[in-house]
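Okay, so subunit A shows up in both of these, paired with subunit B first and subunit C after.
Moving on to the complex of A and B:
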């Protein structure tokens, strides 16, 4: 390895060729070999085509952040008209599944088991206090171990309570309730269906799997099995070697991208409002960055176990956690916000969400694509340099 | 026989821990994830920008905007001066939320009419948008109450187990289970596959060790690694992040051990149907990523369709997260944890016996 003259004498006919020249014939042969290796191993097909569809469906149907059903315990110790009418208000709301309980302790035990996410307690003096205007109170207890659900529980109960109060108040003191009427409207996603933004975001995760995880193994595998030595003994140049690892996986990634888009739009009914050409361009830049990163790990670590672990930790997990598709980047502390800028998934997620839901908006897409292009050049150059050195 | 078994376990541990690169791969990611993810995996809204299009010149709207700006979620209030400007601000994601106040807002309030105002959220980020809308709603209703809406009846909201709804208290106990999954599955699934790929598995099979012992020898290192990683993260959660630990520490250990066994069973099962490390790695991944989604960590299980709820219930990660949350926040002892412990043991028994059958068939 340390003696370039020996390696080149056996390898390239011209002592200086390694890393530069490209012979189409050799490149095609290598690409064909790589493609056969991809197609013949069923685990590649599993990761590239089966898992993406499963994940897309799970993000679309299993993850519903809008909380459409709240299991709510109810303890009504008061038979007065006000208490009964509030219970009816809750029952009339399809979002609540009411679980009447015998005592607060019983309900609390059910909450500890996770059977209910919150409870409403109406004390025995509620109606009498309410009719006399003596500051009657309704208690709401939520399961704080699920903070997101707890927030939804309390805001839904608050909504039901406000409606109930607005309907009852004129009867109590004769005047209508003045005040403020806050209406909310969501642009691009009027029904605020979480599927419509989670599915485009999850395509970025799926593409990271194909781009970085599949490729993290390819070079390491050749080193572990000793076939890399055999390859190096042929006249193959570094550029050919690298391209033969990139091109087949790029094609695989683009096919998977088309599959994901079709599944999202045709089967899951996610709207697509942008330009397909821009989508293809962004996907190419993203795949370039992800492939470059995966190959870099594979080339440097030369061990499948380590490369796989590294690809998972530095590729897949950041795409899940730091790309902003489930967890809002703006809410993270500053050091993390800066860190997210290193990962290509962040830019791709943002572009996908905009292309699917809002349309072709240059203010979002141009900076994203520039960053992706930069990351692509960075990782591919780094990998190319590593590949050259091992051939020398 | 026990001596041979111990020798096998030691050999397995040496392969994983002996080489500094592999050792680093089991320690570094865990440390990084424990440091980074609790800060990232939050559903709270912070540092957001609020775009306000105020057509009203009266005092009420100015007062209301000032109050919104003081809400903890918003760092910045950006005043826009036209409908198109508001649209562009949201479109370019320069603001999370837009508020539009009509020209007659203050006048209507003054004469006792209901004054409408509108919140516009970005559908691309509608979850954060809805949460932020909740904050705005609170500000608006507090203001309405002060202006004389009847306040004879009140709603007292109290969050038990986590009074201030710290997202860290929910994230860290869940991470104990999620991060442990990766290390344990990898070690068990790849160990047999590596021996297959290198041809040393046949040597193991002709050794005096029976398939049962080989399987135990392959499972124990994975379980030990799960235990070490799980306890490390739990320690970091309790002491580093100050998540209250209210339950029985033995339940924590039992929960991680049972989960480790279930994972080792799954890992060995994957390993037994794979010929190469690549296949084993992809197999682990194909199990793990749906398992995280179906664990109730990202979205609540009760919102899933029935078929997925059944899958979520048979997912060992679901039960482990419940045990961890219970033991940290809900004061779980063995009695409360049992409904979630036995499914883990059931998964472990099933997968380990399938793996054993596959090993036996490999010899026959």
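Moving on to the complex of A and C:
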């Protein structure tokens, strides 16, 4: 045991100076360590690669703002040709599944049981009013307890009625009017458009989770496990520490971004009309802001649980509610509209929607990217200021 | 040469944390010589870790001056950092990195590269016996191996100063001894080592000792210097007529005695003044009883400095009513473990553990961290389901027995498990309600606990802000308020100062005398002596079971006729490994 060579186990002293700036060797060593930790922790892989795919499919298929098949009750109290013709119009529309009823009471009972989503009542004087041009009308009753569906039902039926009127117009005033207005078909079947619009938004949500949630854990974990103390006792600098946390998670985030885009375009059939280079640039800026935010929480709170809570509340939730992903920012009250401006997800959602649906439109993308860059600088600077070389 | 003689110098060091009522370090002035091992000893909260962190430049002093190798650790950290090796309490290892990856990381960070690195790795791996495990993740190493790897990482880059923060806590005694030998070898080569520890027996081996309590250095000197005033004051009373436990109780109340402890069938005492003995006849020690001088220990010096032990009475025992034994129960098997096995995935945490604890007996479970004592303990009180085997308390399996059975049981968890955000009074009320105390009975018991444990001044203090000793008292109060017949204590004394430890054992002895059956875990080897019987747990197996004296006698050799409990443990581990 009494080995005299132990004293010099680390080699001879050579008076190297360190402490300032960045040593590539130390930075690489720290990045390598961080990467091993990412790869070896299954929960990271789960969050970075499995969760995005699940969320994309969830948002892409489950959150659907359209109604594909409406079970509609029909009470026709009129046997005239006009009434029969309108019924045929409704039957011919694939959106509706008609449930004819004997009485209004029976249909109302069916609606309260949830068997039908709404009902159309054609009064007994419908045909005669139509024939005499007295402004024939139908009555639409919907289930107000599901306002979204109720809206769809009433607008679908209104649309169908408008179409029917347009088609029958020559009979009324004797002048033939050519064909139907084909554009109105898009109104009936907007399902694909809804997904095209939701999927890019959900990519922003997914990237917020990866950028802010994962990084909110990493610095706090070092504090909790006591490794930060050991690191700080070495010649490592604050800049190296910070960079070693940013770079590996940036790479992870970009890989997840590529995965998300591939899933959206190849598996879900969402069109991409913009430039991939611009997409990469915007993603970089967004990840910078999200990582900076997560690291800031982790560095100040020094506790994994608290930091993750904060990241979910201040990162994930606003990305869902205030990014324009589901709820349109334009229809929010002014204070909320202003609030959305501090969340990076807002700008990223807008950029993604533009790049996927419309193309590379500088008028939208440039201001978005500038705001993201500003937020990135803000959070990273704040984190850098909080990254100290002591435990105080 | 004066520069070389003093490696570390501290003058008027004061460290105050924002929000804390008292400074963590209060006017420390001391110096440490180059090439020596200085032990920082004291209970939790004494300021050991804060002091080491200040030396490492990780904390800045609020006041005063710190010089390490003549440099200011904060202002000149860049120059100093490569000269200091620092091993924090949890060893600072990355559990999901292999042994070699941990070493490589720290070598890169400490600028140890090229051929120099290869040579350093080779030497350190040989030195720490880890060469065969370079590919293993640090998280999968045993406590002793982690400790050695932590040491190896902090030794990279030729430090002249080595700061070790409680390296021996919870590590098995064999690894502790090996670590000690390594550090001794390093100091022999001129390295200055500062070693913080809660174990006073560990500090006895240091060249120089600083006894710390409440942020202050209470005594400095070599172990010999510190123990000198105790010479002629330490004796063993042997050949007792009665049980050592009852004699200890009486002898601690004698005015001539400041401290005492059970040692097997004998009682070890510390006198207030040299050669002023208590009257053995009056103490009822028996006609045969005699005094035998024994060498002083550092613990004696520390207790003497702190003003002596707490006397022999347990206020708790006085208010506890003796219970008549339940004739329906087997008095020899109040607590029973029958072939207990617990498996976590591929890991066998306990393997075929069997024992029985008699009524009024104190049974100790001893072993290093991770050996399986807490697992055994938790299965016994119904908190964990055994993979196979049975755990019975008073003939019942607590895992699926009614709450009346649990009503008979008191449990004090290893970690402080009271509500830190509730005041002392609220905690007492809450736990009394949980155990179904109401109305007058509840008021009476809460008041009784407050008086018994001197909690009155702290009634409105949040439990989380109590001094450690009082936290432990409150935890015990909450565990015994409903007068349980069986008491489970999981490391009740870890981290507390030796005087509070004495007080705790007075309570435990007092309760056992009233017929309470007690099972206790500890990693203080000397505390095993307080138990009637002990079970040694090592790597999930119960490797020995018996009275402390018998276990020690099993390992007595002509060269070592009077082995300590730690000697016995090491011998028994080696014996178990040879089988």
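As a convention for this text, the second predicted complex is superposed on the first by the 282 of 392 C-alpha atoms of A that agree within 3 Å, B and C clash if a C-alpha of one lies under 4 Å from a C-alpha of the other, contacts with A are read in each partner's own complex, and residues count from 1 in each chain.
One rule holds for everything that comes next: a residue touches a chain if its C-beta (ideal position, glycine included) is under 8 Å from a C-beta of that chain, and two chains touch if they have at least 3 such contacts.
If you're wondering where the values come from, they're calculated on a predicted model, not measured in any experiment.
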Once chain A of both complexes is superposed, is A:143 in touch with subunit B (first), subunit C (second), both, or neither?
first
Report the partner of subunit A that touches more of its residues: subunit B or subunit C.
B
Considering only touches as defined above, state whether A:312 meets subunit B (first), subunit C (second), both or neither.
first
State whether A:151 touches subunit B only (first), subunit C only (second), both chains, or neither.
first
Give one of first, second, both or neither to describe whether A:41 is in contact with subunit B, with subunit C, with both, or with none.
both
State whether A:25 touches subunit B only (first), subunit C only (second), both chains, or neither.
second
Dual-contact residues of subunit A, meaning touching subunit B and subunit C, are 41, 225
Touching residues (chain side subunit C, partner subunit A) in the complex:
53, 56-60, 74, 77-79, 81-82, 84-97, 101, 104-106, 108-113, 116-117, 119-120, 123-124, 127, 153-159, 181-182, 184-186, 188-191
Of subunit A, residues touching subunit B in the complex
41-44, 46-47, 50-51, 54-55, 58-59, 61-69, 71, 108, 111-114, 117, 130, 133-151, 154-155, 157-158, 161-162, 165, 169, 172-173, 177-190, 192, 194, 196-197, 209, 213, 217, 221, 224-225, 301, 303-306, 308-310, 312-313, 316-317, 321-322, 326-328, 330-333, 336, 339, 350, 353-354, 357-358, 361, 363-364
Okay, in this complex, where on subunit B does subunit A touch?
21-22, 25-26, 28-29, 32-33, 36-37, 39-48, 87-88, 90-93, 96, 109, 112-131, 133-134, 136-137, 140-141, 143-144, 147-150, 152-163, 165-167, 169-170, 182, 186, 190, 194, 197, 274, 276-279, 281-283, 285-286, 289-290, 293-294, 298-300, 302-305, 308, 312, 322, 325-326, 329-330, 336, 339
As the complex stands, subunit A meets subunit C at residues 1-13, 16-20, 23, 25-26, 28-30, 32-33, 36-37, 40-41, 225-227, 229-236, 389-392
